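Below is one structure; the comments refer to it alone.
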Amino acid sequence: MTTPAIPEGVKRCSTRKFAIWLAVVGAVLLWGVYAMFLVWYKGLNQTGMNDAYGFALWIWADLAVIALGGGAFFSGFLTYIIGKKELKNVINYAVIIGFICYSSALLILALDIGQPLRGWFIFWHANVHSMLTEVAFCLSCYFGVLTIEFIPVVLENPKLDRIPFLHHLSHNLHEVMAVFAATGVFLSFFHQGSLGGVAGVLYGRPFAFREGLLIWPWTFFLFTWSAAAVGPCFTVMVTWLTEKVTRKKLVKQEIFQLLGKISGWMLLTYMIAKIADTLYWAVVTAPSKGFALMDFYSNNPVYGIWILIAELVVCGLVPAFILISRKGRENNTMLITAMILAVIGVCINRWVMVLQVMAAPLLPFQEWYMYMPTWQEVATTILPVAYGIILISLAHRYLPVFPQEKELNPGN
Amino acid sequence: MKIDRRCFLSLVIGGAVGTTLTPVPWKLTDDIAIWTQNWPWTPTPEKGPSVYKKSVCTLCNGGCGINVRTVKGQAKTIAGQADYPVNRGSLCPMGISATQHLYGPSRIQSPMKRTGDRGQGKWEKISWAEAISTVSEKLAELRSRKKPHTVACIAESDRGTVPYLLQRFLTAYGSPNFIRTPSSFDAQEQALYLTQGKHGTIGYDLANAEFILSFGCALMDGWGTPGQMLSASADFKQKNKLVQVEPRLSDTAALASQWVAAKPGTEAALALGLAHVIVRDNLYNKDFVDNYAFGFEAWEDENGTVHQGYKSLLKQYPPKKVAGITGIDKGTIESLARKFSRAKHSVAICGRGSGMVPGGMDEALAVFALNALVGNINQPGGVTAIPEPDYWPEMQRDKTASNGMQQPRVDGAESDRFPNTRYLLNRVPEAINSAKDESPIQALLVAGGNPLYTMADTETAKKAFDKIPFIASFSTYMDETAQYADILLPNHHFLERYEDVPTPAGTPTRVIGLTRPVVETRHDTRHIGDTLINIAGSLGGFIENAFPWGNYEEFLKQTLAGQWDSLEKQGYWVDPEFMPPAWEEAFQTPSGKYEFYPSQRSNPSGKDADALPGFRQVELPGVQEKMPLTLMPYASARIAGGAVANPPFMTKTVDADVIRDGDVFVEINPKTAKEHDFSEGDAAVLKTPAGKARVRIHLFEGLMPGLVAMPVGLGHAAFSDYIAGKGANVNALLTDVTDPGSGLNAGWGSRASLVKA
Amino acid sequence: MTKQARHTKTKRYGMVIDLDRCTGCGACMVACYAENNVPFRKDESDKMLSLNWLRVFKVDNGKPFPDTEICYIPKPCMQCDGRHMEGHSPCVSVCPAVATDYDEPTGVVSQIYTRCFGCRYCMAACPYHARKFNWWDPVWPADMEKYLNPDVSARMRGVVEKCSFCYHRYQKARDSAYVEGRDEIAENEYQPACAEACPTRAITFGDLLNPEHEVYELSRSKKAFRLLEKLKTNPKVYYLTAKNWVRRKADNYLEGESPADRKPAHKAETASH
Amino acid sequence: MFPFIFEWAWDISHLVFMGALWYALSIIGAGLTYCIIKSLYDTATQEGGDNAHH
């Protein structure tokens, strides 16, 4: 069943099947929306946060989602600035995933403030010394850039493309995309970094605090680097998942491998830097504030040294080595496993830099602070996932996202 | 079609750009910002100049001078009155947060009568006229049945004009049953009477003492006048003058230069052991003991019988034996005795915890004897008797009243069995519950205190109250006892009324303080003095004649006419003539001397050993095998343990290891925890012979193993949602243990068991 | 960071709390709540949800009975001067909307409730948990709104609040000094509610830079120390104790380190007038 | 964000931060404006023209 709304030459499931799929995901979305309105109406008492956990699940979700959405800026960087033309085959999808990630992050941020109606104060009364201000500005600007990058993809829908102005707009946007992409890379570099800075500048929190360069703590660079390393992994992972769901190949394996190789080297260099940072922190920074490494990993029911090993070794070095080896990349299972591990690794890192920072006690007579999210927090955190699935489904159905789809699926 | 689309697009884009250029979006966002800053449901307090008003806090019997900041006639904040002779500017958290009770939801706002079952909380508003006629009709009816003596009145104090009016009312009406709520001063005042022959308030000159030996007094957590004690604490600390005897590392013990962790209930033995050393080593004040004391040596009565003296009693308490009893090592006892006798002004004080439980007479007498041994009676830094107020006008009463007054008291005080005890509220429940037919109390006026919360074994007390046909409460707040009454005649809040506050117990000078209205009366309440005058008026006859004043204020000004100027101006009056009498004139005992052998002590056996203050272990209720632990209540400055419950601010200050999610934590030593397999935070059921309660466990090294310490003042069931339902009431777990000679409650704790919940 | 008024000397208001005097009675906390219109809820037992500008902690030396000792540590906002003593306290530098500010003339860290939009970054930054969030709309039952202090505004749901050293009292004192034509205010003219209420007189308050103020000497005493000094937050709340074990509770020490090795608190300070 | 907001200061941090911000915003703005104007122009001139691009 082909309607003009669906791109030419590709096969899509029936409208009925698609509607059922949307309804199922939509139900989850509605649950999240309900929780979202509860939080807006009743306030943050609907969450499991408290005065020790000013930052919790949502901030983690923000950080994680932005790190994973980093695929968009890094692929854009590789495609438009370095000139890796083959990546044009995933750049559309990377942009869509980035768009979803960033819009979700903004939504969660809007939820996570006590006075949402005053949210714009962060721009209006900006404190330029605050990492969060930097995050807010770069995040919003970059979201604008992502929207600009997303528009031409939308405009390629056969129906829209028939409108001359939109047709030209799409064309002209494509023409200058490199400029936007470059601006996006610049903005991304800063907000990814500022997100790292958010925790790293907390000199009252020895678990988070890092020395650094000028005003930027090392976490600033580590966050940017890790987002660049893992963002493409997430793009590949989602593409792979989409292939599994749609039961067809959408992007050529070489592209996956190319991204894997780049990610692998990025990840490896990131891990070297991260390990060096961790060592310096454990041996110099933390002890200067009276803390031994194990003080941060003992006397509590959750945070043991396992979490450090999981982040650095299992989800850090291991995937890095798989991805840099040709054998590892050429085995699809290994490739995808490594990428999933890398994604988990960056999520652990963001968790640790938010939640464990809050959990660790500072005064010797205090205990570890424990936190349990409420269903409202969980639902609003799942909400972006549902929203993302819906947007991806729509995009995949109505837009020519994957240039190689026709070629890879002949006979449709 | 194409043109239309273009038009449409231009319109949309143009419109959007145009709107951004108008002030509309900016104005809207600005309005939103302003609105979130002025949410109508966030109150804006009214501004105005501050007016400071002096008064005296009556939330406990401490009577601290306060300075209330008011703005536009509303009380805002409360601080201690800097020059007030009792507290010298210091104030406890309860006093500071009094405004919360003034404006809070626990106030009784008008007279009410009960419509549902007792304690059910169903009330109907009535007029004052109806309230007064209901009470006076009930009282008139009892009087007409010649049963005026079946009326009883409970009050928190027996000094000052309001307690006096209550007593005067009962006397004119014909009932001897004026009952003051129990406190450790019951025992101390009786000891004062037995040793010095005087009725009065006991004063301790702690400021001038060089050495203070405190037998479990929670000086920092509510003993005596909290403001006064807190104010003196720095002095205790800096001059290293405090030694605290107590099985728990309390706030007072923490402040002391030495913490002597004696087994609970062995304080008297320790006092005797110290006395033993002092006498053995001839360290006592020979002048005082030889010339102004009686019964130190053996003596012969008029019948020629030779009686044992205090000195020979002490022989039974050598340090080694006392060490065995108290768990304190011999060396500590010896050195403590030497320190006590060598310091220039040493004073020993008693009254466990915040002084809510009287304790046994042996203990009070043994501690008093220590002060006498060092001759520190009526000396700077010593013990002094402050005479009771005696400025009361004459009155006449009719025959019914005289007959009523001849009847024995319901509580057994001043009877042959307990001749020296003035009030025994603790014995009232038994007197009612054991009565064969109708309750010996037919009408109860609760004019202070909150017995259904503060009495030991509150369940039994409640059963007794059930049998009283008529209960009227004058309480300002909907407390546990008011909730159990039939009719409520609410008194003004203390920030709305006049009242005099005579010398608080423990204060070494003669003072009167003036509580006065700092805010206008908020509700349809009435001063208890006025209510009494109204009731007397409606009863008529001699009773009416005994209350010739137009209102309470008139009576107050008349009574304190001599002091009124000073009271009005300064808020207090200090007796300029008061001087502790010299030893020659000080004692009004039969011997005219300080009596180490209290010859007036009730002693049915006639044995010297029972008259002299020896050590007799108080048998706590319960079987040790079933209840291997010992529950002991402890006082905390952050939890009001008395009649008036914590205001929300105070509860806010209580730590999460004292109360959490409505559960109270009991402290146990980690050793005890190990033996009973408990760890921090575990839920448990605490059982005693009187009842059980759900608690949680807090491990505390500072508590003697084998004990379970529970805070006093939690577990309220009344007042308001903000106060009720937090933890359990320790009083409900304790049982009255009758002291043989005095009838006072000597029960300092209870056997208990802890089982995992 | 606002410019200082003319003719007035720069001040660094600070507090010295003598832990050997504090008996943990809680009067300071209650006085603070009453003065600053701190709301309350039916259940306040979760201290991480309870609005309290000042909290008194109970610590013990961990020794078994009967060698146990306890000590109370009152903890208001530390009013940190920041790492380089120039006002970049942990919280001020992170607030994205300048809702919290370091007042140059007094050294007091302010909180602008109507500016705060509740991101709680400052709470994450504060190592002392001095900052509290309004998780709920404040409610004063019955007539309790009547006792609210008109000098301090009530906060709305969704904003952060904290101890301000009763800055409104400073403003009042400064205003009345101005009316009387004085440039400077006397030590006793500006005292926060807690210091005024402390019945054991354990809390002393004044200008740390003014040798005539009591806190000047006290903060320079050998017994003086601050909480978590190693973090270099430079608090203006000092504590006094003669007990080494109490000092150990105030900061983190690696194995083999001891509070005795540390320089006196005031030496770390390099404030200039 | 604007010099007329009171917390604005003419100091190095504000200049660097806001400079970079406004710089990025201008590039985005300029790029977008260019595309829109160019597309409007293209639409007007190539009305009914062929749709081919790339």
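When the chains are written out, they are named A, B, C and D in that same order, and each has its own residue count from 1.
By definition in this document, contacts are C-beta pairs under 8 Å (C-beta built on N, C-alpha and C of every residue); 3 or more make two chains touch, one makes a residue touch a chain.
Remember, it's a predicted structure, so these values are computed and weren't measured experimentally.
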{"item": "More contacts between chains, A-B or A-C", "value": "A-C"}
{"item": "Chain closest to the middle [Cα centroid of all protein chains]", "value": "C"}
{"item": "Distance between the centres, which are taken as Cα means, of chain C and chain A, whole angstrom", "value": "39"}
{"item": "Chain A and chain B, separation of their C-alpha mean positions in angstrom", "value": "63"}
{"item": "Length of the line joining the C-alpha centres of chain B and chain C, rounded to whole Å", "value": "34"}
{"item": "Chain centre separation in whole Å, for chain D relative to chain A (CA means)", "value": "26"}
{"item": "Per-residue overlap in chain D, given as positions that touch at least 2 other chains", "value": "7, 43"}
{"item": "Junction residues of chain C - those touching two or more other chains", "value": "46, 57, 98, 137, 156-157"}
{"item": "Interface hub residues of chain B, defined as touching at least two other chains", "value": "6, 36"}
{"item": "Residues of chain D defined as touching chain A within the complex", "value": "1, 5, 7, 13-14, 16-18, 20-21, 24-25, 27-28, 31-32, 34-36, 38-40, 42-43, 46-47, 51, 53-54"}
{"item": "Partner chain B, residues of chain A touching it in the complex", "value": "115, 117-118, 120-121, 163-165"}
{"item": "Parts of chain A lying in touch with chain D, wherever the complex brings them together", "value": "123-129, 133-134, 137, 141, 144-145, 148, 161-162, 164-165, 167-169, 171-176, 179-180, 183, 186-187, 190"}
{"item": "Sites on chain A touched by chain C in the complex", "value": "43-45, 49-55, 112-116, 118-119, 121-122, 124-127, 129-133, 136, 198, 201-206, 287-292, 295, 357-358, 362-365, 369"}
{"item": "List of chain B residues in touch with chain C within their complex", "value": "36-37, 39, 41-48, 71, 74-80, 87, 89-93, 96-97, 99-100, 102-105, 107, 220-221, 226-227, 230-231, 233-234, 237, 249, 251-252, 254-255, 259, 261, 522, 637-638, 648-656, 659-662, 669-671, 700-705, 720-722, 726"}
